[in-house]
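Going in written order, the chains are labelled A, B, C and D, and every chain counts its residues from 1.
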Amino acid sequence: MAGNTIGQVFRVTTFGESHGVALGCIVDGCPPGLEISEADLQVDLDRRRPGTSKYTTQRREADEVRFLSGVFEGKTTGTSIGLLIENTDQRSQDYSKIADRFRPGHADYTYHQKYGHRDYRGGGRSSARETAMRVAAGAIAKKYLKQEFGIEVRCCLSQMGDVTIDSVDWDQVEQNPFFCPDVSKLDALDELIRNLKKEGDSVGAKLTVVANNVPVGLGEPVFDRLDADIAYALMGINAVKGVEIGDGFDVVNQRGSEHRDELTPSGFKSNHAGGILGGISSGQEIVAHLALKPTSSITVPGETINVDGETVDVVTRGRHDPCVGIRAVPIAEAMVAIVLMDHLLRHRAQNAGVHTSTPKI
Amino acid sequence: MAGNTIGQVFRVTTFGESHGVALGCIVDGCPPGLEISEADLQVDLDRRRPGTSKYTTQRREADEVRFLSGVFEGKTTGTSIGLLIENTDQRSQDYSKIADRFRPGHADYTYHQKYGHRDYRGGGRSSARETAMRVAAGAIAKKYLKQEFGIEVRCCLSQMGDVTIDSVDWDQVEQNPFFCPDVSKLDALDELIRNLKKEGDSVGAKLTVVANNVPVGLGEPVFDRLDADIAYALMGINAVKGVEIGDGFDVVNQRGSEHRDELTPSGFKSNHAGGILGGISSGQEIVAHLALKPTSSITVPGETINVDGETVDVVTRGRHDPCVGIRAVPIAEAMVAIVLMDHLLRHRAQNAGVHTSTPKI
Amino acid sequence: MAGNTIGQVFRVTTFGESHGVALGCIVDGCPPGLEISEADLQVDLDRRRPGTSKYTTQRREADEVRFLSGVFEGKTTGTSIGLLIENTDQRSQDYSKIADRFRPGHADYTYHQKYGHRDYRGGGRSSARETAMRVAAGAIAKKYLKQEFGIEVRCCLSQMGDVTIDSVDWDQVEQNPFFCPDVSKLDALDELIRNLKKEGDSVGAKLTVVANNVPVGLGEPVFDRLDADIAYALMGINAVKGVEIGDGFDVVNQRGSEHRDELTPSGFKSNHAGGILGGISSGQEIVAHLALKPTSSITVPGETINVDGETVDVVTRGRHDPCVGIRAVPIAEAMVAIVLMDHLLRHRAQNAGVHTSTPKI
Amino acid sequence: MAGNTIGQVFRVTTFGESHGVALGCIVDGCPPGLEISEADLQVDLDRRRPGTSKYTTQRREADEVRFLSGVFEGKTTGTSIGLLIENTDQRSQDYSKIADRFRPGHADYTYHQKYGHRDYRGGGRSSARETAMRVAAGAIAKKYLKQEFGIEVRCCLSQMGDVTIDSVDWDQVEQNPFFCPDVSKLDALDELIRNLKKEGDSVGAKLTVVANNVPVGLGEPVFDRLDADIAYALMGINAVKGVEIGDGFDVVNQRGSEHRDELTPSGFKSNHAGGILGGISSGQEIVAHLALKPTSSITVPGETINVDGETVDVVTRGRHDPCVGIRAVPIAEAMVAIVLMDHLLRHRAQNAGVHTSTPKI
């Protein structure tokens, strides 16, 4: 209820501030017997980690995750898994100037008014640094989904500023620092980022998440629909302002005869729905898009107020990404993986043993 | 967990199928002492009700809601409120033809595969008829929000097909059957609907929800952010495929210096964020958009399969809206009101007594 | 959160007051495909129903339950099941005298102080009449448990006042109005009740619930232990003041060498633990006891205060049981059945597919 | 849902095994601004800690707790609090002999059958060592309850074996290693424990928890009653087999005229109810009792089976308490404090602002 937990059966609860002692989380409800090691989680943590390319913030965190419980002799025990990442590079001094003022576009003002007392160092709990634990927890879900069902959850860049991606080659995504699936756009992206750095400004991004091999039947009928829970999970990532399933906002100007995905004995003819019908997975690819705002941590001077309500200037120095969208790729994958994992287990709880004679297309 | 409940403190659990005996819900967690009557709920139910204009389905349901519990001498008691709407106009025979085939774009196929056994009459549980109970429950939330905080939650049409709304006059919204805030677009909308009826086709819609007077501080920090919960609530409405907060997908091509809403002693300079920062309400207007797909209940013939996996034709006769977006206006209001109500009570649980000397702008 | 729901996967949410329009509940999370009819529920409702013998309150309620949703063509659909019992014999006038005074031993004072506004008619929401819906919901759980696992949940009287039951013959339990398993004690019970009626007084009772054929492995490890959830469920029945699992309070003076149930290849040697080890079912019989206080609805005059804080007398006229324990038998069964059902589905969610080579003893 | 979390608003989720790297927990939902330090938690941890007297197990753990998040400049921030205790004295070798056999009275067999794969070292997750985190979390609740409401939650020994405690002097409780409130029984307790050590056997215990200054109105009406939640919390402590509220099982032979606590303008005349009416606190002292079984970790040889289903002997060497009841005193306090804290915040969520003109007695 206090907002640091996601999931019903597969539950992830996180803690930790940007410049605190450590980040951690508890993953509860993971089935027993899953072979897992810290190295399985490290892969995605390294993809998210700042300081790995010249395009992302130069803050250097080892982000080494440790299992504290729940894994015995290399396999999950079915009890709660404790995960910990110690903060090593904190540099709190960078942030002392903003202790008493509210950075525009940040959660400083809202945290101050909500809680009265806040950890202002690097945004404290509101920092995207917290998402490291989501990535770690998501990696457990990804491993289970892959191993048990062959499900893969992948994400890539779809647009950054006015650079739109037209073709998707998943093999390219991990080959460049933009998670860009279209090699022909790399130069344009590089130029955009370099210009932003010069200007001290930032830009938004659009990402696409795709999950394949998802079995038909996941999602609950009325409120906890699979699409609703994906929307919740993606909108809950820092800086996200929009979420689409399948054709998303394009449906506004579609006709029903065009949008409906007709069924044939060998499968659906199209996938405008993004793999979800009535809130339940159809067996097609799950497709979702998300829009991330440009970060407000920029060096272009801005105006704001301080804790006494007086006008002051604000310039965010420190180490920040010109485009937070780049690093959100593994986070978006993790969130969708957590949702799918949770719904798989939920589905199993109630519907184990359901068998239909209709072939699953 | 089984998906028929929304909310944590203010909890709404619904039941009922399109052509069953009755629809109902339990509203739990409503504060005691709220003056409420069935008439308060009926207003919004009538706005949602089919058959009220020539533009919407001609199915006629009185949709009269009754309190079964939780209200005594005109005031809520603080215990669970039972609500009931009996189904009067069921015409199950209309649907007998589709008992064994899966309508494209509907939940027939996914329900069949998930549950093995489904109520096929009019979509059963997956029918938008279920949303009547959300509207009823939302009306209780709306009354409390209005009375205690002056909060108003309103929704209007923003786009239907290629007809975009450019100006918003809230006084117009209830004056026309399209919930359109721009009187200059009524003719275009009328023409669009008439053409669709001729073609037997349907079209999508975009709606905008606005909540004003929302106090600063609502929303939880990491997962149950106010924007995440609004996304969950709106994406959970039948036919919704996209949700935006504030500038939504436009942020992809914005600069940080443009997007961040600067603060002044007298308020924010802009509201690109849609009233939510770091997942917590900022005290500005909450602004959200949603995209609804064109309904698949159309008379344009389509192809599908039946329960034996064979190809069959499908034509949806019966009484259906060419644009489901129209009727979703009160539903979207209800969903946002339920989310705000829940977060108000949640905020109060943990943060009652928090006081800051900083003026709330 | 507002306290009218029990269960996580198999969820039961109730509404309704003693003298309101109707009682109802929503059973969510029931697996699809279960054959069920109103008659299946009516059996237990009739066992709980007041007015069925000279030993229980003479209030006459038909207590006829109706399915409003979730059951189609005689089988559950997997979506939420709405249940309704209309109140027919309300006689509100009996209670008008107590509208402004707090009956000792009742919830009048605590409801008044908690909610400010209460339905005083017959105790409103705090009346044991609410338990009719628990019995109805429990009957669904009982049917599923019996059919899928052969699990039976039974309850009987163990003690009333100073009349203790020494031997258990389950065949006798349904043959007498006391749910007494020992035919030799019927005369003593009859005399006790008759004396209490003369005195206008009441007495407490102890019940025993037994569930057999429960598979090993149900219950979660730390907080949601099976015994903890049974304690929660039984203590939540009106008038219950104590709960024991297995040997209960007798363990205080046992030795470890006596209490521990040794294992042999053909089974446990004893069952001091009541079928639960480390919070998880062991495959043995689940045994629980509960103590119910004597009802405070008696004609022996008592002293109390009114809403103005002044001393007043109180005599509870109306139709009341001298021993509420009698009618709690089907309620206790229902509660344990709901807990077992919920834990079966929860276990399946996380541990489906777990296989051990160790024989289950 | 996976059972490692307690509470709704004030939520505690624990992780860690007896001989793993560390124990930890996340306390979520704590109000911001509470002054708290590790020393506040250490007091109760030291009371629970093994090896502190000759009467308890000689395993030595420093049990030093650290805040990892959620506390900034000495005050809670309102976000999730991470707590960690590293395991220092693990001696895994002591347990190697029992890796393949199921100790009677322990959770070895049930964990094995439930999960297939278990951490057998010292009981792994099922070890009472896990309760250290409950004590740590409970200490936060206790501090808040004390500071904001003057509520004190205390526990003492009521009976051990056949030694019953007749008088309660709270000042004595912390003065002796038995948490015994009756100084005249110390010799008898000492003798009992010494004899048990000689015999290599163990004995059960009964504890009493009392909470005073609890305001009227805490607890929800039907399922999440305060007494039901206390029963859940106490029955969830390792080895507990019985829970009573107020007079507990004595009510079975009480008359209604004797049990009901009459009200007067200056307060209740008695407290048979243990401070809870209709599941809601009455403003009187909350009184609960719990029975703890004798531990099965004894040196008296016993019979059991191994993972191959064969009969084997079992003798539990190592360092174990002859009476686990002694160390459960701070645990029981912690559990009741967590429940009260949670219900205080829950009450506030829904009923803030409720005012009655009736004086609270």
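One rule holds in what follows: contacts are C-beta pairs under 8 Å (C-beta built on N, C-alpha and C of every residue); 3 or more make two chains touch, one makes a residue touch a chain.
Source: prediction; values computed, not measured.
Peer 1: Out of curiosity, which chains are bumping into both chain C and chain D?
Peer 2: A, B
Peer 1: If you average the CA coordinates per chain, which chain's centre is most distant from that of chain D?
Peer 2: B
Peer 1: Using mean CA coordinates as chain centres, what's the gap between chain A and chain B in Å?
Peer 2: Using C-alpha averages as centres, the distance is 26 Å.
Peer 1: So the centre of each chain is just the mean of its C-alpha atoms; given that, what is the distance between chain B and chain C in Å?
Peer 2: Going by mean C-alpha positions, chain B sits 38 Å from chain C.
Peer 1: Averaging over Cα atoms per chain, report the distance between chain A and chain C in Å.
Peer 2: That gives a centre separation of 45 Å.
Peer 1: List, in ascending order, every residue of chain B touching at least 2 other chains.
Peer 2: Only 1-5, 8-9, 14, 29, 32-33, 78-80, 114-116, 125, 221-222, 346, 349-351, 354 qualify.
Peer 1: Which of the residues in chain D come into contact with chain C in the complex?
Peer 2: The contact residues of chain D facing chain C are 1-6, 8-9, 14, 102, 104-107, 109-116, 125-126, 130, 159-162, 196, 201-206, 216-217, 219-225, 227-236, 238, 240-265, 269, 272-274, 277-283, 291-298, 300, 302-305, 307-311, 346-347, 349-351, 354-361.
Peer 1: Can you check the complex and tell me which residues of chain D touch chain A?
Peer 2: Result: residues 1-5, 8-9, 11, 13-17, 20-24, 26, 28-29, 32-33, 66-70, 72-73, 75-82, 84, 114-119, 124-125 of chain D touch chain A.
Peer 1: Using the touch definition up top, name the residues of chain D that touch chain B in the complex.
Peer 2: Those residues of chain D that touch chain B are 1, 8-9, 29-33, 78-80, 221-222, 345-346, 348-354.
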